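Each of the next two complexes has chain A plus one more chain, namely chain B in the first and chain C in the second.
For the complex of A and B:
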């Protein structure tokens, strides 16, 4: 087990390193000049050259990368151009906001989507199920910037019960969370429904029913117990994706998280900040994925105890 | 719970099926899978329904256990389990399943939840049956005793195991133990040995016979295997296209089949003999020998 974890950590480090290196090169190849963004449109050629020299952007790409690698091993990713502070520190200050939003969203998703999916699987092809099904398709089809703006219009402007932006009070968490969760609930509930339907048709369920197991136990213990892995994986993967910054929603609600930070970093061509954001989110994504994989043995005895071939 | 003399049928039958009919709603229209079958089983009796794949034998079993999807299967006629008509009152089956009536399934490898342990699923059956006290110690003791009764070695150690860790034969014994948890009077065995190796099959059949002798359980055996039917049945019903084409005592059916279909089923039994024996006796026709 320890060997497995070490191997996975090694793979993870490699993934993060390659991601960060790729981004390091790509942002420099992309059009746009950080010096112009920093010094403003009215800056003279001399001023721009000075800024470039200050940021080390006048050096050849390979030399910049070499400096970056040396910095990387000391945990320093350079100074953010626009914040004039260590880039990694700027990102870490924003991280709790994104973590909060992602956690709230995934919890809301799980709490609503799992019972909803189970409910749908128990009433297949009824009118009510059809209605909910249509709603989930609608939920999947609404772009999150539009959902966000609609929620803002109704619940922050017309009926001002929630703040429109920022994160000054806990109530500000509600609208962005709901915006993210609507799409996720639509996706996850349909997946839960599919998994439950499959498991309800499995022989062991019929046999359990034949020995008088109650419907509620058949649903939650048997069908859910056997649907747990794919559902858990889906929730975990979506959580990891949210940690990479729920960019659109964070921008719509001016949420001070990593998502809105990366937008600003890109706009200002703040190379160190872009790389630092990518590094942090990549580490989180790899970490969460590892945790998900480590949780499988807890959910499935076939993985825990081996000899899975006969199952 | 001693076995009563077979001929003394004064008491009401454990299972009495009259004009039982199952219609399945399929994409191609309504299919009458079971067509007005009637039979009964008394305490200590084994009655076998034999037929080839698709003859409706398993559908009959699943139908009278109320295990066919309600929206796809229309049941009619009467099925009295220990006097209770479970067709007239569809809710009544809930009181019978896991108490008077138990199922031994076709494929033991898929009949237990893969993510719950043997002990977990066995204890659940014990609690549902309500026979033992709910105290975990008592439930566990009863679980061990049940595993001993089906001749599972080191029952203590097996409780912790998961289905994928046991062989098919062992799993079928576990499933029989689970079925016995409720002290059922009637077992429905739906091809209980068809997924098992030949050497294991005999062991499972021996076990069923032993339990029947000890407890006087009635058994409804569903099989395509005349060898199995011959070994354990009191009466045989030969099923084809949803209806019984021939019914009678084992001896009579085997020695003097009255329909061509039964003769074919008989011919499908492999006979052990020298290679140079006459082809008729050694034909290994397998028309009826696949699973449903």
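For the complex of A and C:
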């Protein structure tokens, strides 16, 4: 068990390391001079040279990478150009907002998508199920920024029930959460339906049914028990992805989270901030992934971590 | 499956039931037409058919005008006419109305759609090719190659994807090749994973051993015999990825990381229209609907093709 966790932690660290290294290389490969980005287009040659020296941009690439690694391990990623504050601190201040949004969205998704998927699997190929099926296809086909703007128009502009942007009151959480959840519900409910249908067709369920086990027990205990792991994994992966992937929705609703921060950092070419954002989100995503794996034995007692698990 | 209690023999076939109710002498089977029509399998087939048809109609509804945009009697998409700013749809010959600079919205959507579609199709071709090659090789040869490819897939799936895409586009400029490449890179793991798992199954089948005994080279077996057996399902996934590619491109364009030349794409048109939400609803609503209709179409088509019973009755 401990060995397994250590191994997974090592893998996770490697992923994070590779990610930030990729970002380092990309930033250096890209056309455009970070010094110009920092000093502005009107800077003189002397000023540019000074900026390069200050940030070590005049050093050989290998040496720059070495310094970058040292910064990485001390957690000191430099000062954000546009915020004039330690980059990592700027990101961490935004993080709670993204976490709140992601948590609310995943909860809403789970509460709606799991019963919906079960419902669909209980009456396959009926007209109602077909209707819901087509609806879920529509749900996963609408661009989320567009859904967001539409919800915003209706429920913040035309009928002002909810605030249009920012996060001043808790009601501001509603529209972005719904926007994210529409897509996720469509995806997860279809997945639940698929898993449950497979389990309903399995021989063990026929045996249980012929023994006279109640229908509700068949559904929730037998079939769901065996669908729990894939469904939980899907929800967890979605959650991990949301920690860095709600960029679009955050921009639409001017949500003060990490997603809108990265867009701003990219627009202003704020390199320390870019690296810090990627680092923080990568660590989070890997951490959540690890937690999901560690939770498997709770869901399925047959699983013993480190033995059967093949990463 | 729902069929557990109403097993239905193929239509018209003899059921072979010994005890036949005398009242139904005319029919050779106790299974009536109504029962067949009600059976899950029939409904599933009808559902698949409906999905495929609707999917094709929705897709063509958007794709055909886009392809023919150059031949349609439309104003130039970048022609500005400040006297005709923000006209609502269906006025003065502007089917979808005009935008804040008096440009014809329909023309902008169609020309922008050409760019969006080109990017989507190219990206999917690239990611499909990479994914099938890597996935098939990993699944068939196994060993070190497999573990390298599998690790790559895993690593990429745990990366902050959209952020990396934005980063690449922001750094290298929003040109069509860069965006295409970025979307392709984002999508290949999906294809590779699926191809790999299918090849793993296929590899164990007798025909592969037969080919091996006949002395065929491993690569030849893979290319000539294994891949043709998995390519159909793999292309089905690729079709669904096209829908995703179009969505991804529009999201990038919405965030300002879309191509500007030759024409602004859908996401960009929507993000421009945001400023006129209260005065000109059509600037956001219409392009969004166009994206949604097309993506729904492609998704329905892919779903319908997947639901369709594998074996056709009348010999293909």
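The criterion applied here is as follows: the second predicted complex is superposed on the first by the 270 of 311 C-alpha atoms of A that agree within 3 Å, B and C clash if a C-alpha of one lies under 4 Å from a C-alpha of the other, contacts with A are read in each partner's own complex, and residues count from 1 in each chain.
Throughout what follows, a residue touches a chain if its C-beta (ideal position, glycine included) is under 8 Å from a C-beta of that chain, and two chains touch if they have at least 3 such contacts.
Given the structure is predicted, the values throughout are model-derived calculations rather than measurements.
Visitor: For A:228, select first, second, both or neither according to whether it touches chain B, chain C, the two together, or no partner.
Guide: So A:228 only meets chain B here.
Visitor: Is A:69 touching the first partner chain B, the second partner chain C, both, or neither of them?
Guide: In the superposed model, A:69 contacts neither chain B nor chain C.
Visitor: With the two complexes superposed on chain A, say which partner A:300 touches: chain B (first), chain C (second), both, or neither.
Guide: first
Visitor: Looking at A:150 after the superposition, I want to know if it touches chain B, chain C, both of them or none. Which is it: first, second, both, neither?
Guide: After superposing on A, A:150 lies in contact with chain C but is clear of chain B.
Visitor: State whether A:240 touches chain B only (first), chain C only (second), both chains, or neither.
Guide: second
Visitor: Once chain A of both complexes is superposed, is A:5 in touch with chain B (first), chain C (second), both, or neither?
Guide: neither
Visitor: After lining up the shared chain so the two structures overlap, which partner does A:206 touch, if you call chain B first and chain C second: first, second, both or neither?
Guide: both
Visitor: Touch test for A:15: chain B only (first), chain C only (second), both, or neither?
Guide: In the superposition, A:15 touches chain C alone.
Visitor: Is it chain B or chain C that touches the larger share of residues in chain A?
Guide: On the superposition, C touches more of the residues of chain A.
Visitor: Please identify the positions on chain A that touch both chain B and chain C, taking each partner from its own complex.
Guide: Common interface on chain A, chain B vs chain C: 125, 206, 311.
Visitor: Residue numbers of chain A touching chain B in their complex, please.
Guide: 125, 202-213, 217, 221-222, 225-226, 228, 299-302, 305, 307-308, 310-311
Visitor: Write out the stretch or stretches of chain A touching chain C in their complex.
Guide: Counting only chain A, the residues touching chain C are 15, 18-19, 22-23, 26-27, 29-32, 123-126, 130, 133-134, 137-138, 140-146, 149-150, 152-153, 157, 197, 200-201, 206, 237, 240-241, 243-245, 247-248, 251, 262-263, 266-267, 269, 274, 277-278, 281-282, 285-286, 289, 311.
Visitor: Can you name the residues of chain B that touch chain A in the complex?
Guide: Touching chain A from chain B are residues 62, 65, 67, 71, 94, 97-99, 102-103, 105-107, 109-117, 121, 124-125, 128-129, 162-165, 175, 178-179, 181-182.
Visitor: Mind listing the chain C positions that touch chain A in their complex?
Guide: Against chain A, chain C makes touches at 1-2, 4, 40, 43-44, 47, 50-51, 154-155, 157-164, 166-168, 170-173, 243, 247, 250-251, 254-256, 267, 270-271, 274, 277-278, 281, 284-285, 288, 291-292, 295-296, 299-300, 303.
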